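Two complexes are shown next, each including subunit A; its partner changes from subunit B in the first to subunit C in the second.
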Partner chain A sequence: MLHRYPKRVAIIMLVLTALVATFPLWGEAAFGNQANFMLEKLTFMLILALFAMSLDLLVGVLGLVSLGHALFFGLGAYTLALASPDFSPASMWWMLPLVMGISACVGLLIGVLVIRTKGIFFIMTTLAFGQMLYYFVSTSRFAGGTDGVFIMFRPSLAIGESTLLDLDNPYSFFYFCLGMLLIGYLFLRWLTRSYFGQVLDGIHDNEHRMQALGYATGGYKLIAFVISGVMAAIAGMLAAMQYGFANPAQLGWHTSGEVLMMLILGGMGTIFGPILGAFAYEILLYLYEHATTHWPILMGLTIIVAVLVLPRGIAGLIIAPPWQRKRIMNAEAHETENAPATASAQPVTQSKED
Partner chain B sequence: MRDEIVLATHGLTRRFGGLVAVNGVDFDVKSNEIHAILGPNGAGKSTLINLLSGEMPPSEGQVLYRNQPIQGKNSRQIARMGIGRSHQKTNIFPRLNCLQNCELAARIHMGGVFGSWRSRQTAREVSERALEVLDTCHLIHRAYTTASDMSYGEQRQLQIAMVLATAPSLMLLDEPMAGMGREETAQVTELLASLTDRYTLVLIEHDMDSVFRLADRITVMVDGCVLESGPTEQIRTSEQVRDVYLGRHDKGATA
Partner chain C sequence: MDLAFFSVQLLNGLQYGLLLFLIASGLTLIFGIMGIINLAHGAMYMIGAYLVYDLTMRLGNFWLAIVVAIPIAIALGLIIERLFLDTLYKRDHLYQVLLTFGMILVLNEVQRIIWGGNVHSVSVPAPFDSSIQLTSNLRYSVYRLFVMGVCLALAGVIYWIIRHTRLGIIIRAGAVNRDMVEGLGINVRTLFTLIFSAGVALTAFAGMIAAPLTSITPGMGDSILITCFVVVVIGGIGSIKGAFWGAIIIGMATTFGSVLIPSLASMVIYLIMAAVLLVKPRGLFA
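Here is the complex of A and B:
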C-alpha cells in the first residue's frame, strides 16, 4: 500500500538514526581531530535532509516539480538574519513562529498563483518566483546585497533565565537539528497516511478525476504548497544559524536544483528517501570535491547512473531490493488468487501495515 | 415519482470552431429510468455527456437538473449536486487500492477529509459506504488490491463503484463496457440492471444487446443531432435507426 513500507525500512532508518545520534561518542575515535568538522558536516546534512523532505511533499507526493523551492529556504535564512537583534540573541520561541508565519504568508501568496499551472509551467513559474526573490535580495541594500547578512548571535532556547539548550554549542545544535528533522519526518509520515494525504495521492494520480468527484483540488494543492514552504523555511533558518549568515546563493536556482537531485537520488514520494538522498549527495560531494576539481562531472554522471539504474532511488532499493523483487511478485500473485471473500469495515488508511 | 423529469436539455449545442459536435439537442431523463444514448462514432454522444457533467460549457442551450439551470457550472460543482459520471477511458487512481479509490469518492460527499480532526464515526461510515459499493460491484474480494494490479474489466467495474460511492441521484456512464469480454459485459449489464430501483442512469454504450436489455428509453444521435428518441421497443423497430446502423443513412434526412 502507498506510503507503507516493509519492516526493514524502519529497521534501517532506526539503525542509521542511532548511528548519527551517537556520532559525538564515536566521532573522535573515527575522525580524530577532524571530528568537529565532521560534526558540522553532519549537522548540515540533517538540515538539508529536512529541506529535501519538504520538497518531497510537493514533488513526490503531489507530483508538482518545483524549481523554486530554495525561495523558502532562503526566506527562512533571511527572516532570521533580518529579525535578529544586533547585540543580543533572539529567542527561538518567537523566531520559529515568525519564520513559519512569514513563509506561510509568502507560500500562500505565491501558491495562489502557481498552483493554477501544471507540468513545465509549474516548473517555470516556481523558478521565476525564486529568481525574482534572488534578484530582489541580491540588489537590496537592506538585505546586504550579494554579501548577504551576518547573524551575530544564534537564537537562544530558554525558559526565563534558564537555558534549555545551548544552541551555540555545536553538539547541542546538532541534536536540535536532529530533533527538528525527526519532528518533520513524523509530521510528514502522519500527513501522507492521513485522509488529506490520500487526497494528495489522488491528485497526483488523476487530478481530473478528483475534480469530477467533486474535490476542489486547488485548495488541497495550496495547503500542501504552504506546508512544504514552511518546512523548507525552517531548514533555511537552521542553515543560517549554523553558518551565521544569510546569502543570496541560498535562494538561487542552483540550490533548488541541488535539492531536487537529492530527491532523485533518495527516491521521490517516500518521505524517508530524501533523507537518505541528502546524506548520499553530501557524502558524494565531499568525496568528489576531494578527488578532483572537476567534481561536477562526476556528480552529473552519478545522477545519470542513479536515474538509469535506480528509478526509485535509494529508497526503492530498500523497499524492493533486486534479489527480492521476483519473490515479492510471486507472493502478490499468490495473494491475489487466495484473496479473502470479504473485507472488514475499517478505515483503510489506519490499517495495520505499520 | 418515476415519471418526474430529473434532467432535461433544451437546444443544447457545442461547437468546436466550424464543427458542430452537438447540435440543438433536446432530451430528458426521468427518475429511476435507464436512458441510453446510441449513435455511430462521432455522433456527439461523449460531447453531450461532457456538457451534462460540466466538463465543457455548451455554446448554446440549457441544461436543467431538477428544474434548475446548471449549464456553465464546472464539473466539481455538478458532481457535488449529485450527478456522478464515469469516463470512456478507465479513470481511476492506479496507485491506490480498490477500497481507497472508493473511499476518496465517498469522502467528498460524506466529509472527513481532515479525518484526524473529525470523529472516527465519519471515517467508519466512509469505509462502510466504500465496502458496500464494492460489494454491489462484485469487487469486495479485491478491496485491498492496488488498482493498477487489477484486470481491465475489474478496473471498469471499479470506475462504476466509484460513481456509486458518491451516492449520486443521477449517473452518467460513458461506455462502461468498452473493451470488455463477453463474460465481463454480461456481469456489468447485470450490475447496471440491479441499480435501476435506486438510481437514474444515462448510458452511452455500443453493445446493442446490453442497451436493448437495459434501457427504458433510447435517444439515437447522428451527426450531433437527435435522430429519434423514445421507448426501447420503438427504437428497436425504427426504420430510420436501422438505416443508420446498417449504413443506409442519408444525411439530408436528419436535418
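Here is the complex of A and C:
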C-alpha cells in the first residue's frame, strides 16, 4: 500500500514531534509549577499513542475491529508487576523480551481462536476474551485481585554497572517513551509498506480474492494479531512503569472502547492518525474532568458526535481538508461505485490525492 | 451435594438462563435483522431496573410501576433508533460500536445524576412474596417461579410470532436478505424501528422483573451485556433458538460453576465460549 500523503502531513507531524520533544525546554515557561504534572500527562499520552497505534494495524489496516485490545495492554502491565523483584529494580534487557514473549504467546493462543471469526463475531469474541482475563485477574489472589499490584522499582536500563538511562528521572523516562513511540511508528510504517503489509491490505479489501490468489490469509491475520498485541503489551508495560501499579481497569473493556475511540478520533488506517487521536482524547478528557464531575456525559456526547460527523478523524481532516473535499469525494464516489457495500469503512488512505 | 440442593441450583440456573434469554433475544434480533451491534443494550437493562425502582417508590405498587415503565422503555428505544442509529445502517460495525459505547457513557452518567451511586433494592411484590414447598425438604421462592413462567411465556410468544405470523415471515426473510425484503415492497425503515423498540423493551422488561431478585447497582448493565454477548456468540448471532439454548447453557454454567468451582466461576462461561468457537466458529445454531 503505497499511500502517499500530501506534504502537509509530514510537516505537521514533524512540527508536533519537535514541539513535544522540546517540552522540557518550554514546559516551565508555559505551565509554571504545573510543568512536572504536565510532563507526566504528556508521557502518558505518548504511551497511549503507542497503544492506539498498535490497534490501527488490526482495525485500520486489516479491517478487524477488536474490542478486547486492553487485554494486551493489561497483560504487559501485569507481566511487569508480577515479574519485578520486590527489593531491587529489574533489568530492562530481560523485562522487555519477557513482556514481548508472554504477550506473543497469549496473542497466538487467543489469535488462533478469534482469527477464525469475522466482523461482528470478531468484535464479540475479542471482547469476551478480554473480559475473561479481566475476571481472572480481578478474582485471583496472586495478582492482587481488584486492588492490582504495586511495582516498587522501575526497571533499569544499564550496561554492566553503568546506567544507560535513568528511568526514574521523569525527563529521561519521557524521552524513553518518546523513543519507543518513534520506533513503533517507524516499524509500523515499514510493515504496512512491505510485502506483508500489502497482503494485509489485500485481505482488508477482499479476503476471498486473496485466498483465490493462493494466500493463506489466516496465517497473515494471525501474525498481524500477534504483532499488534505485542506492541500493545509494550505500551501497557510503559504505563505500569509510569504509575507504578498494574490494575484490573487496565484490562477492562472500557479501556478497549477508549482506545478504539482514540483510533477513530485520530483517523484509522493511517498509522500517524492514532497518535493525534490519543493526544486529542487525553486533552479533551483533561478539560472535561476539570469542567464538571459529570464528565462522562461530555465524553459520551463527544464520541457520538465524532462518529456522526467526523468518521475519518483528525487525519482525515489533514489529508483532505473540507475546502478540498468536494473534489476528493467525487473521485471517491466514482471509485466506490463498483465496490461492494462492505467497503463503506475504508481507511482514509483511500483518498486519492497524490 | 444432595438432591434438594441440586434441585435448587437447577431451578436457579434455569431462572437465570431464562432471564438472560429475554435480554439476549433482543440483542440477537437487533443484530440479525438490522445488522446493528448495540453495546448500549446492557444500559437499557439497567434503566429498566432503575425505572421500576423509582416508580415503585412513587406509585407504591410494583405492578403499576411495570405497566408505566414499559411505555417509557419503548419510547426510549424509538428515540434512540430514530435519532442516532438511522445514520449508521450503511456504515461499518466499528462506528456502531463506538456510537453505542458513547451512549453507554451518557446513559450511565444520566443514571448517576438521577439516582446516584448507591445500591438500591425493590422488595418482592405482593402475591408472590412467599416460598412454597416443592418436596418434603425443598422450599423455593414463588417470585422466582413466576419470573420463570413469564420468561417462558414470552419465549413462546416470540417463537409464535416468528414462526406463524406475517411479521415473523418478514423478520426471518430480513435476517437472510434485507435488500430483497425491501425490494418486495416491505417498509424496512418501519420494521427496523419496530425491532429496535421491541428489543429495548424486552431488555428493559428483563431488568424490571429482575429488580426484586438482584441489587440495583450502577454497573449492572455492563456485566450483563458481556454475558449476553457470550450467549449470542454461543448460540449463533441472529438466531432466536440459539439465544434460547445459549442462555440456558450459560445460566446453568454460571450457577453450577459458582457452587462447584468457585475459584474459576467467573471464567467458566468464557471457557465454554472458547470451546464452542473451536468446534463451531459461527455458533451452535447459525
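Operating definition for what follows: the second predicted complex is superposed on the first by the 322 of 354 C-alpha atoms of A that agree within 3 Å, B and C clash if a C-alpha of one lies under 4 Å from a C-alpha of the other, contacts with A are read in each partner's own complex, and residues count from 1 in each chain.
Throughout what follows, contacts are C-beta pairs under 8 Å (C-beta built on N, C-alpha and C of every residue); 3 or more make two chains touch, one makes a residue touch a chain.
Quick caveat, the model's predicted, so the values are computed rather than measured.
With both structures placed on the common chain, the touch criterion links A:195 to subunit B but leaves subunit C unconnected.
Legend: residue contacts after superposition of the two complexes on their common chain; A:216 is shown touching subunit B, with no touch to subunit C. By the touch criterion stated above, A:206 is placed in contact with subunit B alone, subunit C being left untouched.
Counting the residues of subunit A touched by each of subunit B and subunit C gives the higher count for C. When the two complexes are overlaid on their common chain A, residue A:32 makes contact with neither subunit B nor subunit C.
For the contact definition in use here, the residues of subunit A common to its subunit B contact set and its subunit C contact set are 341-342, 345.
Subunit B makes touch with subunit A in their complex at residues 53, 55, 74-76, 79-80, 85, 87, 91-97, 99-100, 103-105, 107-109, 112-116, 120, 123-124, 126-128, 131, 134, 140-146, 149, 162, 166.
Contacts from subunit A toward subunit B in the complex involve residues 1-2, 190, 194-196, 198-199, 201-202, 204-206, 208-216, 332, 336, 339-343, 345-350. Touching subunit C in their complex are the following residues of subunit A: 59, 65, 67, 113-114, 116-117, 119-121, 123-125, 127-129, 131-132, 135-136, 139, 253, 257, 260-261, 264, 268, 294, 296-297, 299-304, 306-308, 311, 341-342, 344-345.
Of all residues in subunit C, those touching subunit A in their complex are 31, 37, 39, 84, 87-88, 90-95, 97-99, 101-110, 112-113, 222, 226, 229-230, 232-233, 237, 263, 266-267, 270-271, 273-274, 277-278, 281-283.
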